[in-house]
């Protein structure tokens, strides 16, 4: 019942993710198309196959950080890695790895490596 | 039933956008008047013509970043590009392009070009 | 029915503003007393005279930026202009002008003028 | 009916404050015990004596800034003044004064005095 | 009724914490497994044994700071301490101590010690 036609005429359906308590609304095609081999794509490729648990409003429950998921969802929407100043890139990397989005994880590792001075070994940057 | 007269005596109606899970309440005239040739204006010019999908509360679903949409909506409200420190301008540019707000996209490209040192080629700034 | 006595024994009533989708709860006296000649004061001086549109929960709809309205409401509460680091003052100024809070707008213009280096003509600061 | 035993075996009850539209859930003992002579403690010492107005969900309405109240509530919870970078300390001071939390107000005044260069007289810091 | 199988085939159940008014959704195993000797693990190890108070939507009430709890929950999810720029580490330390997560508290103390210049004795950093 939640299926609609998107701007290119294809059929898609909308779903809401409950990531650690915050809601993200997106389409199945965003989660599945950009990185088809990721765990996230596998979780949502087939409707109700993976057995994702839903909350009482129908949002799919994922026990991860909402804050660091945000740039990941944007990356799946338009293919660009865009992170605000002050957001810890290592947090985004943890989520990219968890969701198995390999190409993004590699890109994030490069950014982290380039932004660290060689002598810095502190646990948080 | 949601039609009311605005401060200038004209008739307008209120609508709520569900952008990636966050709600923005605005008027149809804000979305349509400032940049009448944008895709956003086309989406909302005629009531229920474009076939925008609505969530269960009647908000129009758009699968994009809420954070970077905020300065775009403010631009449509008062014509000024105003972005907080720490917000990545490239994120705003992605949204301006998606919604087809050409004049704003050009303005954002100038800002990005001017703020980048010539030797910087990092993927995120 | 929403009338109660405030801490000084006077009668006041509570109302909620829906500014661009975010809710602000305050009292009529805060909106009306500090700057009685502002447009905001006129909008809320007399109950249901101005014809403000309400959302389905009774909050008054205003098609403006919630983020930049926050310091304006605090100013009306205690008379001080207090803005967090990273918040663009020009955004606050746009709202002060829209709501016709003249004294605050002038104060903001002085702050902007003092914070800009003379040679800076960039569209966003 | 909302009474429960806390981790030390004492009885306490939970309440929610609606500060300017944002909800804060805490216990009566947090509001009353740390600074027993403050106005805030007086407001909530005796159940339903002060006559605080409640919203439709039972949260107590207070017409103040939610953002600057947050470190004040944390102070009442554990006795430490902890403020994030970028939060204007003067905003926290305004709230400490309003709620009559004198010891915290004095501490904030010292912090402000120490952080200002002697020649700075700008209205916002 | 809220029990489901997680990605590794084990059974887990989802719960929501109401920390100071903000909701965090997570699994019991996240709260219990990473730091089994912490107070937080003890609070949620056995269903309904500790006597945690729930709000009207079934979320477990905890009278602490939501902002500083966020990195703690992420730590329990993936074992990394990741904090955004601008977040006061001392706030995170207060929560780690309250919830009895000793290993994390020690890690935070090292970070604080390393980030403070020797001559700095200011109450907020």
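The first chain written gets the first letter, and so on, giving A, B, C, D and E; residue counts start at 1 in each chain.
Methods note: a residue touches a chain if its C-beta (ideal position, glycine included) is under 8 Å from a C-beta of that chain, and two chains touch if they have at least 3 such contacts.
Source: prediction; values computed, not measured.
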item	value
Co-neighbours of chain C and chain B - touch as defined	none
Chains in simultaneous contact with chain C and chain D	none
Between chain C and its twin chain E, rotation from the CA superposition, multiple of 5 degrees	145
Centre distance in Å when chain A and chain D are each reduced to the mean of their C-alpha atoms	36
Computed distance of Cα centres, chain B from chain A, in Å	22
Shared-contact residues (touching 2 or more other chains) in chain C	85-86
Touch-based graph of the chains, sorted into line, ring, star, complete or other	ring
Circular arrangement of chains, read from chain C onward through chain D	C, D, E, A, B
Residues of chain E touching chain D in the complex	18, 20-21, 51, 53, 55, 61, 63-65, 67-68, 85-88, 90-91, 94, 98, 122-124
For the chain A and chain B complex, residues of the former touching the latter	4-5, 14, 16, 22-27, 30, 70, 73-74, 77-78, 80-86, 107, 110-111, 114
